[in-house]
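Each of the next two complexes has chain A plus one more chain, namely chain B in the first and chain C in the second.
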Partner chain A sequence: MQLVERYGLVAVLVVSFLAFSLLLPQTFPTLGNVRAMINSQAIILLLALALTLPLRSGDFDLSIAGTMTAAAAVVAQLTTTGTSIPLAIAAALLLGAAVGLLNGFLVVKVGIDSFIVTLGMMTALGGLSYAITSSSIVPNLPNGVLRLARTPLLGLPSVVWLGWLLVLVFWYVYERTPLGRYLLFIGGSPGSARLAGLRVDRLKIGAFVACSVLAAVTGVLFAGQVGQLDPSVAGQFLLQPFAAAFLGATVITVGRFNAIGTVIALYLLTIFVTGLQLFGAQPWVSDVFNGVALILAVTFARVAARLSGRS
Partner chain B sequence: MSSRIQRARSVVLLAGLLAAAATGCSSSNSTGSGSGSSTSSGTGSSGASSTTGDARAACVAAATKIVGDAREPLQVKVPPSPVDMKSLAGKQLWLISAGQTEFTQTVGAGFTEAAAAAGLTGKYVQADGQVNRMQQLVEQAVAAKAAGIALLNVTPGTVSGPLAQAKAAGIKVIDLNNGDPDAPLEDGIFAHVAATFTDDGKKKAAWALMDSGCDLHLATFTIPTITVVDLMIKAAKQQVQELCPDCVVSENEFSLSDFSTKLGPQAQTVVRRDPKIKYVDAAADAFAGIMSPVLQQSNPDVKILGHDGSPSTLQAMAAGSTLQAMTVAGPPEKYIGWTLVDQLGRALTGQQPADWSLPGRIIDKTNIGDGTEAGIHPGFTGFEKAFTDKWGM
Partner chain C sequence: MPVPGLSLRGVRKHFGGVAALRGVDFDAQGGEVHALLGQNGSGKSTLVKVVTGIHAPDDGATMHVWGTPVSMPLTAAHQHGIAVIHQDLGLVDGLTVAENMGVASGYAARLLAPFSLATERRRSRALLADLGADIDPDTLVGALSPAARATVAIARATRVLREHAERFVFILDEPTAYLGADESAQVIRLMRAVADRGSAVVFISHRLQEVEAVADRVTVLRDGLVVDSFGGGEGDQHRIIEAMLGQRLAHAYPDRPAVAPAAPMLRAERLDGERVTGLDLALVPGEIVGFAGLVGMGHEEVPGLLSGAVPARGGRLLLDGEDITTAGIGARIRRGVSLVPGNRQRDGVWLEARASENLALLGDARSTLLAPRRTRAEVADARTAMTRFGVRPPDPLARVGQFSGGNQQKVVLAKWMHEDPRLLLLDEPTQGIDAGAKFDVLQTICDAAARGAMVVVASGDYEQLAHVCHRVLVMRFGRVTAQLSGGELTEAAIAERAQAD
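Take a look at the complex of A and B:
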């Protein structure tokens, strides 16, 4: 039973890949299609991993997509007006750290609900992105920025490898270090964690800062991947990381936000959406699928957390 | 020198923004945040009061001439020369749309119909407005060994990486409505198929000038990040300035991300702030549809200008249930799908691109009729045969 719980989603992923491969032998199981699916999810994977930090410690961060876009806007604007790439990246990361610190301070020290704080921050960062770019698309980013995300290695661009590397790092931190357990403990019961002597406030703020800095790193890579920056893109990158993080909590370490589960969930969603589209399904089917998957993921995560709490 | 100034401005701006973010203060920028900035322009200080009678008459005459010509039914453009589609039998063509609307869906249907009529396989896919999906779809088309790709509202720069793969694989790529028909081609793009956005913007302004007797206070609404919307609005402003230097244009910006909730109230505020504004250029019918119900409550004497001629807009205009008084309607959407297949056929058979510029027709109360496509575009019935004849099918 536990095996089914832990690896059920992995089985669904494998079965769905095989099923679409049988149904669409010419187009689905090709190297090019697999590469396209992986590449398209590289940015979402980075955001989803960042998101697991505050989620694991019991908070939402709706501002990640806004932080990513604002950081990308900083890099795009600065590098196209002559600032050196390292300086532009430093400025973007500084912005990310400032956003995380502010989110953490307002949630932890002032006591405002994280949903409200980060929703407001998301909106403000959306406006900030427009202000930085003068409400225009910033085209023709320098090759140095492009290379950050596009440098190929074994047929896949660097942004994909960075995502996978971070999956391993997050897996190690979450499953093999005290920090990972502390975050989980705080997320489950902050009061008990405080009584146990954990520095709850510091850890929670740290989770927000790490999340926002990683979102800013993702912004830099996003600018490089696309090659230009449209300040209006933030909204496109909000739902999918949440869907992946919540669905990921229903696999491997059930009921807990975890790195391997997140990547499995993300690729499962991609396989379904791509397969359905290649199969000729109406375009609205993918919207329905994404929305229903998110609802089911949250439901399963909640039920799994309750069940593991009982046991 | 200018780059140094720009750089300094960027650094100062960034420092200010970082400080604002760090302290939690909100800051506003005079260039606008994209979610509702507004500036007024025009050489007129107080409307048309200083315009002489002769100048006004000349303005009205010029505007009336433009509008009269633009109200005429569109002539059906047919393929200018034969294309040997039989030599391409069995090849795949992909139409990749940035998002899903009534317009893209119908163009997609026309595209797949036309491909089938030419003995090819047409595939219409859309990216839900997500950049990563746009890139994935171009990569998928490359992986599926498509012969040709048409990009619909997907800016080539957004998918520059996958387009390089397409180019390397010898796949021909065209785009639809990414700018004016004569806009420079971006790397890897064979040709455009495009509405005449700048001309259409001028037609809208001419209509407002004619209708107001060149006593015009016009509010324009644009999304600077969407090239074709901005082209139309800039052209409208230019037309007003050329024909009526004393008329006033109030320029406003809004954002695609929240227009459905914010555009209506924003339009209401702009019109309330300057009661002389009786004309609002909403850029496109979709935006006019958002503004109309709000302005109907507060300013029912305002006339809204749109673009696209979407079926729902034409029906509403015919029924008189909207403040939208005019639109510039392009040719039937299925026809556009056929032009895409023709253009790709030319690319694949080594021909020069055809001039598939798509002018629009002014539709207002004088020629709306019953608002149906057959009534608006009477000459397009059975247009398919003109294509299949030229394709040798």
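Take a look at the complex of A and C:
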């Protein structure tokens, strides 16, 4: 029973991959398609991992996609107007840190619901992205920026490898260090975390800052991956990280946001969306699918918790 | 013999292969306050859930309400005039008394049909007056005293029941568990008043003194069977404890250890907290000091204040001569200060996490954020600690929420006492746990003192304080108004000083 609970989603991943391979032998199980699926999710994976930090400590961060876009806008605008790449990246990361601090301060010290704070922040950052780029697409980013995301290794670009490396780092931090457990207890039982002597406020703010800085890093890589920047993209990156993180919490360490589960969930969603599209489904199918998947993931988690609570 | 309000015969209930109830017969008469007692896991909650239809009993059970047979499981207990009042009462703090009472009855109207606020107020006031209470229907429920809230909950239930039945059965699940002595007394008077108006009142409690004080009849469950049932006045606490435990406990309380004369290691000088004002205290190793008082008088804040959970607003606190007045919770933990909080489910443990994870949280607090953790060692340590503190079963991988209340409290104690604290602070350490677990918990506290810990216990259970503490400080309005020790230290003396002006 526990095995089913812990690895059920892995089995679904494997089975769905095999099923689509059998149904679409010409297009689905090809190296090109697998590569395309992995590449297309590299940015989402980074955002989803970042998102698990505040989720684990009990807060939402709806602003990650906005932070990513604003950071990408900073890098795009600065590097195409002559600023050096390292300086431009530093400015983008600084923006991320400032967003995280502001989010954390408002949520933890002022006591506003994280949903409201980060929803407002998301919209504000979306607007800021337009301001930075003067409401137009910034084309032709310099090669130095492109190389950050596109340098190939074993047939996959560096942005993918960075995501996978971060999965390992997050797995280690979450499962093998006190920090991972602190965040978990702060999210699950803030009272007992505080009385155990944990610096709850600092850790919560720290989770927001780390999340936003990582989102800014993702923004830099995103700019490099695409090679230009469209300030209107934020909305496309809002939902999928949440779907992956929540669905990921129903697997591996059930009921907890975790790194391995997140990557498994993300690839599962991708397989379905890609498979359906190869069947000729319209592009809107992916939005419907991801939205429904998020709701289903949370529903599964609820039901699983209720069942295990009864036994 | 009058017809009982509630009559059960042959109630059996199995969960999987486990028998929770093994043939219970139970009668609650109108006009009677009937105490239903038993250790955690004896079947009390299951029995209540069978009565209200949450659980279906095994075949062969019968139930009569005021002599009328009803089919089990009941689909809507309130339609038969049965109401269960849970410990948390189910009131909404941010709404007024009248609103709380109206919401439960659906305003006796359709969703969009207008209702009259004036009528609501008048009805609420009348229902409360029936119970002998004078509560303004416009008061926010959050602003009421605990006893007044209990009154509102019962009045509200009465209003719902009246629409369906003429005579009522009330079941109160630990109505006084979190209350101080005077609030408890008010709730007890309330139960009496409800019974005097003809209802049958069944109440569950772990406080045997109040059972003695109010119950017309006592029924004791053990392992899913009624092991004793007797009229009030035919037995005492010892008979109840004996029935609950299945053996005669020579002493309901452990012997307090002797204190060797020594220099005080903890000193509070004119310490101010949120309610505590000007607390002076000197503790020597091995000493157990109790803090007592009525609810809200400040005694319940003392453990938090000494642990750093409640910040000091003035004065000084010295541990081993070192000023720790402004030290944070973590810094004090590293100096050997342990706080066992009063609300264990909120502050003591995380019910969703494994026992081993809860126990390791404190150990983690001593290492750096990113130091690697050794899961296997953690689990082994947890097993040792759980065995030492008598957690049953000592399974470190079980989620804490899977344990009974008494065993959860033992996990909390294991978490905070495994490293042998120097200053042990406890807030209501035996709240809501059964007599057997209570003895174990108190024994654990006495053992810690015997090993040289300084112990501070805040509790509204005066009997327990009188038996376990070396001295008890009684607080009124934030100040210590009496100190009792030696021959003066009795339950009655604490109660008297707590009430005195």
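FYI, the second predicted complex is superposed on the first by the 296 of 311 C-alpha atoms of A that agree within 3 Å, B and C clash if a C-alpha of one lies under 4 Å from a C-alpha of the other, contacts with A are read in each partner's own complex, and residues count from 1 in each chain.
Note that in this section contacts are C-beta pairs under 8 Å (C-beta built on N, C-alpha and C of every residue); 3 or more make two chains touch, one makes a residue touch a chain.
Since this is a predicted model, take the numbers as computed values, not measurements.
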*Kindly say whether there is room for both chain B and chain C on chain A in the superposition, answering fit or clash.*
fit
*Considering only touches as defined above, state whether A:Arg150 meets chain B (first), chain C (second), both or neither.*
first
_In the overlaid three-chain picture, which partner chain does A:Leu198 touch, first (chain B) or second (chain C), both, or neither?_
second
*Return first, second, both or neither, reflecting whether A:Ser189 touches chain B, chain C, both chains, or no partner chain.*
second
_In the overlaid three-chain picture, which partner chain does A:Val233 touch, first (chain B) or second (chain C), both, or neither?_
first
*asked:* Which chain, chain B or chain C, ends up touching more residues of chain A in the combined arrangement?
replied: B
*asked:* Given the overlay on chain A, how many degrees, to the nearest 10, lie between chain B and chain C at the CA centre of chain A?
replied: 130
*With the two complexes superposed on chain A, say which partner A:Thr81 touches: chain B (first), chain C (second), both, or neither.*
first
*Compute the least Cα distance separating chain B from chain C in the superposition and give it as a whole number of Å.*
27
*Please write out, lowest number first, the residues of chain A touched by both chain B and chain C across the two complexes.*
none
*Would you tell me which residues of chain B are touching chain A in their complex?*
3-4, 6-7, 9-11, 13-14, 17-18, 20-22, 24, 26-29, 31-35, 37, 100, 105, 125-126, 128-133, 135-137, 139-140, 142-144, 155, 157-158, 160-161, 224-225, 253, 255-257
*Which part of chain A faces chain C closely enough to touch in the complex?*
173, 176-179, 181-182, 184-185, 188-189, 191-199, 255, 309
*Inside the complex, what are the residues of chain A that reach chain B?*
26-27, 30-33, 35-37, 39-44, 74, 77-78, 81-83, 91, 94-95, 98-99, 101-102, 106, 124, 126-128, 130-132, 134-137, 139-140, 150, 157, 225-228, 230-237, 274, 277-278, 283-284, 286-287
*Spell out the residues on chain C that touch chain A in their complex, using ranges where they run on.*
307, 309, 328-334, 339, 341, 343, 346-353, 357-358, 360-362, 364-365, 367-373, 375, 401
